[in-house]
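One chain, chain A, links the two complexes that follow: it is found with chain B in the first and with chain C in the second.
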Partner chain A sequence: MISDAAVLLWGVASLLGTAVLAIAVSRTPGSGTRLVYGLTLGISAAALLVLAGRILEDPVTPSTAVLPVGLPWIGAHFRLDALSTFFLVVINFGGAMASLYGLGYGSHEPSPHRVLPFFPAFLAGMNLVVLADDAFTFLLSWEFMSLSSWALVIVHHRERENARAGYIYLVMASFGTLALLLAFGLLSGPGGNYTFEAMRAAGPTPLVATFVLALMLLGAGSKAGLVPLHVWLPLAHPAAPSHVSALMSGVMTKVAVYGFIRVIFDLLGEPTWWSSIIVLFFGGLTAVLGILYALMEKDLKRLLAYSTIENIGVIFVSLGLALAFKANAMPSAAALALTAALFHALNHSFFKSLLFFGAGAVLTATGERDMEKLGGLIHRMPQTSFVFLVGCVAISSLPPFNGFVSEWLAFQAVLQSPDLPQWGLKVMVPAVGGLLALSAALAAACFVKAFGITFLGRPRTSAVEHAHEADRYSLAAMFILAALCLLAGILPGFVIDGLSPVTLSLIGSRMPVQMAQPWLSIVPIAESRSSYNGLLVFVFIAISASAAVYVIHRFASHALRRGPAWGCGFADTVPGSQYTGVSFAQPIRRVFGTFVFRATERVEMPAPGETRPARFNLEIHDVIWETLYLPIGKALDFATDHLNHLQFLTIRRYLTLVFLFLIVLLLVLALWP
Partner chain B sequence: MNGLTFDIAHLLAGGLVLVSFMMLYQDRLFALINVFAVHAIVLALSVAWQAYIQDAHHLYVTAAIALIFKAIVIPVGLHRIIQRLGIHRDIETAVGIGPTMLAGIGLVTLSMVLMLRVTSGADPLAREDLAFALSIILLGLLVMVTRRNAVSQVVGFMSLENGLVLAATGAKGMPLVVEISVAFSILIAFIVIGVFLFRIRERFDSVDVGALDDYRGEHR
Partner chain C sequence: MALILDLTVQGAQMMLVLLLAPLLTGFIRKVKARLLRRQGPPLIQPYRDLLRLMRKEVVLADNASWLFRVIPYLIFAATWVAAALVPTFATGLKFSWTADLIAIVALLGSARFFLALAAMDVGTSFGGIGASREVMIASLAEPAMLLIVFSLALVAGATQLSTVAAFMGSPQVGLRVSLGMSLIALVMVAIAENARVPVDNPATHLELTMIHEAMVLEYSGRHLAMIDFASFLKLLLYVSLISCVFVPWGLVTAGAGPWSYVLAVVFYIGKLAASGVLLALFETAIAKMRVFRVPDFLGAALMLALLGTLLLFVSRSL
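Moving on, here comes the complex of A and B:
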């Protein structure tokens, strides 16, 4: 009987085979595109079937496989346990949806030979990272994933922006992998045990654990998009073709979250309580800053990428809470927080894929990513607008959709904080809860802007007037995702119970069995009185909304109204006088912008008698880029300029340098206490 | 191990350090090579004594290699090279003798402090041996750094290798294969460097490595 892990490895092998095949067929557009995406769809769906069978049958018992490749005498170890099963579901579902979308979207690609070989390879890389069970295989797959996604980022490399995005992504990805390499080096210890099993058994000292935590925050955090390591993400994610953007934002960031959970919760053993403070701090910072950046953005895909950063912040806050509760031996609260994190990861993969697909459909239809040039698309693309609206509502965490449930669970975990013994956490957790609430509210504002400016109002440019509805494959992918957003929102109990093996294996506890609750309610903690019933909320919303629609149409629409003559119902006939994204975000920019973005607004009035119009100038600074990254770049330039002299020394001086360095090392060794 | 064997081993290893200092002091090439030959002889004695007290016969082979190649073949070869190059009158230290000797004393102190501390649990003979060996290695490097001439850099390199052999023989149970391969690699390095010396000489009329830098068009 072949093990499940081996079956999934065959899936990875066939994805790699598809990548090779794609090189051959990518020169024949149309049929080649359909063949490749059809194959990846089939493989991902098959992997999902295997995983579904595993979840229904026995998700706990790990399934392992060893391949005789990789480091000599070590081989490549693979393992499928509850945690990796969950993330494989996320990856392969995202992969299947992106392939389905790509069946239609891919035909608009001007250079398919740059996309088709790397798309299956990227999927294979992500699958391998999650399957890996030793440090070498993990790092190799991680780097493979990074490189294949990099190749997809620079598909349209002739555009300056994209080339720059690719460069920054490459630098940040190498930096992240370096941090991971060091983290695994520390974990494997002087004995050099590269298998995760040996690391799990070793039990690192507190000092090593601290360094590993810091390195994982750098390594996994830079891939996931934790502030201030997020700079590559809003550049690289939008640069790729839209279905790849969806994969990168919706799925690859989850692979980074997986790496963090695997090391911090699984390999590192018992956490210390203050390590959770670090995670909470960066999570909260990421959530608020990510969504503030998104609000300032007028490029639709970049807005979505910034919103990914916010969601990663939410996930990391939940993970930090889980760490805090785990360190204080509060298993049921820890299980709640971890469930919230994983549930949000799943939800985010749903609605962020959906929104990127929608943005891709808009891009195909109009050729525009700038929201200020769109508008009124709801008349040209009614179905796309509908599913995009569903995605917006879900990501704004409004009931009855799935985003609400996971954020609600996170807040329930925040509410457990008074039971924590440490004062630091008692103060910190509610503060972070406040940040979480702020970011949720700002997210709602952000997606009102994204939907309203793009789809409502009147067209701002002629490109929009000739827009057409997306093709049927793209629509199918988007409708499936929208349906899942709703289903996971009204029936969250199934998902929570499905996540219980993961929390059981990592924390040793689980949330109460939700299926046992009456009326499909969910309760976070058995003894607490709060509960949520998505189905009831859905029914209530449906009834009250229908009633409101009926009342409006029955009484308001038929009533006589007076308006300006020849105004056609509009106050002003110029489309440019509509609300724009920038003007929509102005109140929020005034509140936060001066501090976070050093935003300055200046009105230039013409002198009396001058005929030019008055101008309104808005200046926004990316403070993190300017204060953190530019100085590093300058320092690097300065150092390389001055080290250039070392090229021109005599042989004797080179020898002297080596000799002096040796002496310094020996002195350090001699003086070391 | 009785006191006498330990003292003799100590004496020979210490003598090797002393000869290293003599090498630091020489500013003529012939004298330097002669002192290097003495260095090799003392090394051969030291290794032979180790072979005797450890009852490890293969170490006699090492001693013989040291004696034949390093004390006879290489010095004679270097003598010929110098005569053919006509550089036997050159005074070629880049740093003054006094500072060099002071630096050497500092290096020996450093290696003593370091080795005696690091190896605090080990066999006393091995400890002393390692401390002396590190001193010789550092002094050999110092010779290489403070000389301009390629020939004396070769000599410094070889005395450094003597330190490695001393450390190796002090540690019990090093296989003969390793020593032979080290000896051969040194010999090959000698041949290669010798060939290069003539090549450099043909091209630049000098074996002062500074000429190479002039050729690269670079400044010091």
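Moving on, here comes the complex of A and C:
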């Protein structure tokens, strides 16, 4: 009997085979595109079937496989346990949906030979990271995933922005991998125990654990988009073709979350309580800053990328809570917080993929990503706008959709925390709860803007007037995701119960069995008296809305007349006079932006008699980029400039340098205690 | 039999909020008018307005989309469900566990989300100005509200509103500073959420100062009736919420006799009237503030709520 891990490795191998095949067929655009996306769709679906069988039968017993590749005498270890099963579901479902979408969307790609080979390779890389069971395989797959996604980011490399995005992504990805390399180096110790099993058994010292946590926050955090390591994400994610953007935002960030959970919750053993403070701090910061950046954005895909940063912040807040509870031996609360984090990861992969697909459909239809040039698309693309609206409602965590459920679980986890003994956490947790609530409210504002400016109102440019509905493959992918957003929102108990093996294996506890609750309600912990029932809320809204419609149509007037918009009697015929995204964000910019972005608004009035128009100047600073990255860049420039002349020395001087260095090394050795 | 009784009480509650909501608004208008030494419209004027609006034809802007026509019903349904989940005269209703206080706040958030979208649908500047200001207010009011929910939940041990109300009515709850802070913050949030003076003026006729009214400017006829009804319901919801948490006396628990139900309803109407008079007094005594003073007002509510929660977290170990 071949193990599940081996079956999935065959899946990875066939994805790699597809990548090779894609090099051959990508010269014949139409059929080649369909063949490649058809194959990736089939492979991802098959992997999902294997995983589904595993979840239904026995998700706990790990399934392993060893391949005689990699480092000599060590080989490559692979393992499939509850945690990796969950993340593989996220990856392969995201992969399947992106492939389905790609079947239609891919035909609009001007340079398919730059996309097709890397798309299956990217999927294979992500699968491998989650399957890996030793440090070498993990890092190799991680780097493979980074590089294949980098190739997809610079598909349209002739555009200036994309080249810059690719460069910054490459630098940040290398930096992240370096941090991971050091983290695993510390974990494996001087003996070089590269397998995760040995690391788990070794039990690191507190000092090592501290360094590993810091390095994981740098390594996995930079891939996930934790502030202040997020700078590459809003550049790189939108630069790729939209289905790849969906994969990068919806799925690859989850792989980073997986890496973090694997090391911190699994390999490091018992956490210390203050490590949770660091995670909570960066999580809260990321959530609020991410969504504020998104609110200031006018490029639709970049807005979505910034909102990914916010959601990563929410996930890390829940992870921080889980760490705090785990360190204080409160297993049921820790299981609640971890479930909230994983549930949100799943939800985010649903609605963020959906929204990026929608943005891709808008991009294909109009050729525009700039929201200020769109508007009124609801008339031209009714189906796309409907599913995009579902995504917007879900991501704004509004009931009865799925985003609300994970937000609700996170809030319930916050409410478990007054029993934490440490004062630091007592002060930190309510503040972070407030930040979580703030980011949820700002997310709603952000997606009112995203939907309202793009799809509602009057068309702002002629690009919109020739827009057409998306093709049927794209629509199918989006409708499936929208349906799942609703289903996971009204039947959250299934998902929570499905996550219980993960929390059992990492924390040793689980949330109460939700299926045992009456009427499919969900409850956070056994002794709690709080509950939420998405299904009944949905049914009640449906019933009362239909009752209202019935009463109105039975007793009220049916008369309806179309006329020009009222607008208080001001007949404005210029679509340019509508509210734009920038003006929509103005009140929030005045409240938060003056502090966070040092935003300034100035109106330049012409002197009396002058004929030039008045101008409105808005200045926004990306404070993190300006205070953190620009100085580093400048220091690097300075250092390289001044070290440059080292390349033009005479042989005598080189020999002197070598000699001096040797003496310094010997001195160090002699003086080392 | 018990099930039928439960369902009857639940249904009675849903109908009661529907019936009383316009009356509360009419009552507040009447009291405000009397305070200004005017005669004021009759108490039942809001009902008449609703009926009149329903009988009128709808004038729809040329480019209004399907969303614009669906949204009034969605807003009404979400607000009605939320209002029906707040204990008015009885706790422990059949379906009170369906959604807790967090979900009620989020349901109102859904209603607001859709209202802001409706405002942007036609593409007039007034809609945009209303929507952008509304989300600015919400971005501060919603976190404040959630922090208030945290405080209440920490005191009562659950986010279930029925449980909170029952706990607040029991002798276990003492005088707490954090509850006082929550009450003040909740009143401030309620004023902002219901577009009352000093945040917004429900009776304004000056377009540039409008927030809520600017968003519904393009609505007419039965659609406007639905939206107006929803805002009446929302006001009633907040008044019931404040009174069931901070004035929890006179609530009946499930399984009481029929007379106690009648008594509880009378109590409830009394509470509504008292809050109506207080709100009218407050609105008459204060002037509307500039839009960009509102963040300070709501920021104060947010800080109060946060302080209240912090105090609870910290005092847990003392």
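Quick note on the criterion: the second predicted complex is superposed on the first by the 619 of 673 C-alpha atoms of A that agree within 3 Å, B and C clash if a C-alpha of one lies under 4 Å from a C-alpha of the other, contacts with A are read in each partner's own complex, and residues count from 1 in each chain.
Here is the rule we go by: a contact is a pair of C-beta atoms (placed from the backbone, for glycine too) under 8 Å apart; a residue touches a chain by one contact, two chains touch by 3 or more.
Because the structure is predicted, anything quoted here is derived from the model rather than measured.
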Per-residue contact with chain A, leading partner among chain C and chain B: C
Chain B versus chain C as contact partner of A:628, first or second or both or neither: neither
First, second, both or neither for A:483, with chain B first and chain C second: neither
Chain B versus chain C as contact partner of A:665, first or second or both or neither: neither
Touched partner set for A:586, first chain B, second chain C, both or neither: second
Partner chain in contact with A:379 - chain B first, chain C second, else both or neither: second
Partner chain in contact with A:655 - chain B first, chain C second, else both or neither: first
Chain A positions touched by chain B in one structure and by chain C in the second: none
In the complex, chain A residues that touch chain C: 375-376, 378-379, 382, 389, 393, 396-399, 404, 407-408, 411-412, 414-415, 417-419, 421, 423, 426-427, 429-431, 433-434, 437-438, 440-442, 444-445, 447-449, 451-453, 456-458, 521, 528-533, 536-537, 540-542, 544-545, 548-549, 552, 555-557, 559-568, 570, 572, 575, 577-579, 583-588, 590-591
Chain B-touching residues of chain A, taken from the complex the two chains share: 648-653, 655-656, 659, 662-663, 666-667, 669-670
Touching residues on chain B, where the partner in the complex is chain A: 94, 107, 110-111, 113-114, 117-118, 138, 141-142, 144-145, 147-148, 153, 209-210, 212-213, 216, 218-220
Chain A partner contacts - residues on chain C that touch it in the complex: 54-63, 65-67, 73-74, 76-78, 80-81, 84, 95, 97-100, 102-103, 106-107, 109-110, 112-113, 116-117, 120-129, 131-133, 135-136, 138-143, 146-147, 150, 153-154, 157-160, 163, 207, 217-218, 221-222, 225-226, 291-292, 295, 302, 306, 309-310, 312-314, 316-317
